[in-house]
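So that you can tell them apart, the chains are marked A, B and C in the order they are listed, and the count of residues begins at 1 in each.
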Amino acid sequence: MDVAVRELSYAQAIQEAMAIAMEQDERVFLMGEDIGVYGGAFQVTGDLVERFGSERVMDTPISELGGAGVAVGAALTGLRPIFEFQFSDFATLAMEQIVNQAAKMRFMLGGEVSVPVVMRFPAGSGTGAAAQHSQSLEAWLGHVPGLKVIQPATPHDVKGMLLAAVADPDPVMIFEHKLLYKMKGPVPEGHYTVPIGKADVRRQGRDLTIVATSIMVHKALEAAAALQAEGIDIEVIDLRTVRPMDKQTIIDSVKKTSRLLCVYEAVKTLGIGAEISAVVAESDAFDYLDAPIVRLGGAEVPIPYNPELEKATVPQVPDIIAAARDLAKGKR
Amino acid sequence: MPVEVILPKVDMDMATGQISRWFFEEGAIVKQGDVLFEIETDKAAMEIDAPASGTLRNITGKEGVDIPVGAPVAWIYAEGEDAGTTAAPAAAPVEPQPVANGKAETPMSSSQDKAAQTALAVQDTPAPAGAVRATPLARRLAREAGLDLAAVTGSGPHGRVVKADVEAAIAGGGVAKAAPAASPAAAAPAVAPAAKPMSDEAVLKLFEQGSYELVPHDNMRKTIARRLVEAKSTIPHFYLTLDCELDALLKLRSELNAAAPMRKTEKGDVPAYKLSVNDMIIKAMAQALVAVPDANASWTDSAMVKHKHADVGVAVSIPGGLITPIVRKADQKTLSVISNEMKDLAKRARDRKLKLEEYQGGTTAVSNLGMFGIKDFAAVINPPHATILAVGAGEERAVVKGGEIRIATVMSVTLSTDHRAVDGALGAELLGAFKRIIENPMTMLV
Amino acid sequence: MANARKAANSDAAQPNLPFAFRKYTAEQLRQVLHKMYLIRRFEEGAEDAYTRGLIHGTMHLSIGQEASAMGICMPLTDQDQITSTHRGHGHCIAKGADVKRMFAEFFGKTTGYCKGRGGSMHIADVTKGNLGANGIVAGGIPIAVGAALAAKKLKTGNVAISFFGDGANNEGAFHEALNMAAVWKLPVIFVCENNGYGMSTSTERSTAVKNIADRASAYAMPGVIVDGNNFSEVAEAADAAVERARAGEGPTLIESKTYRYRGHSKSDRNRYRTKEEIEDWMANRDPIALFEAELKEFGIIDDAGIEAVREAVKKEIADGIEFAKESPSPEICDLENYVYTEVA
């Protein structure tokens, strides 16, 4: 049984996952703003409305809070909604339903219900959309018990993790970096899942561990390739899931390399990097650290409009190269 | 103000100790000087006296757990001083200061916090907390190797000691030179690191689960492991072996034992001494060192330590490990004194009642496995010694002398020497002197 | 009694009888009285246990609003679903919950509906279609719309009811939810129990329209105002709305005007309304007294029968409290249960 593998873009992989989920399960349907004939703000749903009809590819009014609540209620009562936020920034409008309702419903009701809702969040900077359409808010939601929060970095993973999310009995939040939508990569045909809660070692190395999320995985791999020429051998871990975090993969890697660099796009302070650092500092990997832990995250500013300022706000490949080199060479 | 009772440092290279037994319970009235508890150090059991009179409270030092040196284990409150109303004393071993507010910290929680810090900071020679800037990995490697971090020069930013520095120090037998910063990839071959021991998991993976049981190390086992790794990896050993004929010595020994006067004891009349072959080897080794004084030495980086007396350590096997009590000035002691002293030391060693000064120091050592029929072996030098003599079994062998074969009782001995202190020829001279004394045992009586 | 039963079965014969007395049997109506008493005594029992320190946290009592809860739930089946509010004990009982397990929940016990994890503010009974009280004002409204969406997509024929208070009508979620329900013609009924005050702020001071039912016109759905203290009036409006929803004609907004006797919560000092106002409602417009008078007027129950109901309820409440007291508390080691669905 050979499974054909094609090159698909990240957006196509999401679309394919949603189509497979809808084909396989009548309960699955899509909700979101302009996801029908418009095809979604980033053309992720594309022409799915033609295949599945407007009952299953439902345009909602511009009502993030109400829409999220409807998705929660539908999930609570037997459906499997996939709710698309047009931009992850609009999660702020729906935090009540996400944080107070979706995340806590099962717990508050003593395990009598579950909320199998999937919410998709196009996230991140780099599109010139400025401060209210470029944020990375995954750590906000990662702080909430009851939610699962994932950040697939490749077309292969986003398809498999989205299908895992649809099958998951609990609310799963998917943060999709907008700059990844056009990135192509090998994607197997048909149904498969990539587990939620498991990080992936994208590159083996001896001298330094980089734990990166989402688009930063690719930047980290680029940096690692560049530093290989200097004899610095970097291990790159794609975190993939923010909650529940795969602590063991991180710990094992740091015990091997003795150095840790966290790279993520969200604002550096009080973010995922702090959590990764703490995971290592609190574990037996502490005794293997041969240098301070270093975080490379977004600057402490809203995302600016000017393209040069925008680029300077989030870690870029040269920043990663510089930080990794210093760390590996014992200058930090 | 209550008086703090701490876990005292009672052994030179002691970082932690275990209380094996408390003699008083919470709330007991104790007098200054009462034995409060017994410590199991790496090698011995020590009794610790009460530092003040009063009521014993807040016993936080539990029996059988590792406690950092200096950590408070209990408090003694004077009459009228109430644990409830008096401000709970701070338990910081470094800077004892009362916590201003009684509710802030109980001695228990505070001592645990401090214990964690102290455990990290304390090395063989504890430096003041924070004095050495080192990475967690460097600290761990140094701890495992028994290396004093304060003596390692750090190559990292602000002189931080990193793994490469510790590895260089171990490989170089002491202090690392300030190495230029280099990528670990490049540095790794340059420092020729000691082969890293297998991780616990890697070892256990080789065996089927359930096919073994895990016995946690006690302090003695940890110390033996640490000191032997240190000795074998930092001292350049070399070995000299020769045979000694024992017949004359054995004959003299039985004559001397037969001539021993009787002493009245509770168990009736017993001989005043009963010499063993080992007693005579101790004496012979001591005399040989006096005859070859250059070999009676200890190495330090700055100077050669030349000893004026021959203090001979004797390896004594005890349950769970071994210990090396020392016969001081054995060159000056008679055989009977040596013999009786050894019996006493060996007994107290087995009871773990040796005092610190009875097993630390010494200028050489003797390790005898003859009683097990071992023919010949090489021993690991026990710093600060420069030599150790490994003694095999005395056995009848065919000896060729002047073209004739005859039977003689022969004992093979191997001298391990620290090449930094004792070169080959010097070692050979020492061993030759030893052989001469063993084969002409009357010289031991003069 | 015989007359009444006959009357209940013959609308045409007695056109002047109130709706409930035409629609429901005498036995059903006596059950309604029983449940209204059960709600009130439950609230009083909970309040008493709270003051004795047996219940911690806070609670929001619905004494005075019993007819509203009962009237709305009257036409519902166990498959119809409700979302409720912080003032949700009455809805829970009206929807069929067992007071034993409700008390157990308030006492934080494992036998409670939420195994001691939810308490008063999250009381639920999923098997009877109560998806839970909600601590967030208007939090349950979009969720009910979601339940209605599921009912429509899964073609179950169920309706969803969202109870909320007057305060919720000024939350964005209310407007978003009503709009979507209307756009998609969903089988959902929005029930605003207007007791006059959102915590301390009166609807006059907080709401631009005179009646909350007026909001319905903005979302092209019927807006119905009823006397929330009159069981029959509430039941009639609910019946019509449920029929409309089941017929696929879309949502209804019912404004049930009522009054809470107690403060907003246990920390309320009642400074925003007068004693006279409270006493007037209690003396002249009490929903249980009004319903009893009607039952007697139409010969469905006599004083002895009412006394029997009260005695039965008293015992049920006492048994419930006893059950709660004796039930086991959760184990600390189970703290992290129910955060995620346990993997089998």
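Operating definition for what follows: a residue touches a chain if its C-beta (ideal position, glycine included) is under 8 Å from a C-beta of that chain, and two chains touch if they have at least 3 such contacts.
Since the model is a prediction, treat every value here as computed from it, not as a measurement.
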* **Touching both chain A and chain B (chains)** => none
* **Farthest chain relative to chain B (centres taken as mean CA coordinates)** => C
* Structure fact -> Rounded to the nearest Å, the gap between Cα centres of chain A and chain B is 56
* Mean-CA-position distance for chain C and chain A (Å) -> 42
* Distance between chain centroids, defined by C-alpha means - chain B, chain C (Å) -> 79
* Asked: What residues on chain A touch chain C, complex-wise?
  -> 27, 29, 55, 60-61, 63, 65-79, 81, 96-97, 100-101, 105-114, 145-146, 148, 169-170
* **List of chain C residues in touch with chain A within their complex** => 81, 83, 112-118, 122, 124, 126, 131-132, 134-136, 139, 141-151, 153-154, 160, 172-173, 175-177, 179-180, 183, 337-342
* Asked: Taking the complex as given, what residues does chain A use to touch chain B?
  -> 206-207, 230-233, 258, 286-291, 328-332
* Asked: Can you name the residues of chain B that touch chain A in the complex?
  -> 135-140, 155-157, 162-164, 181-186
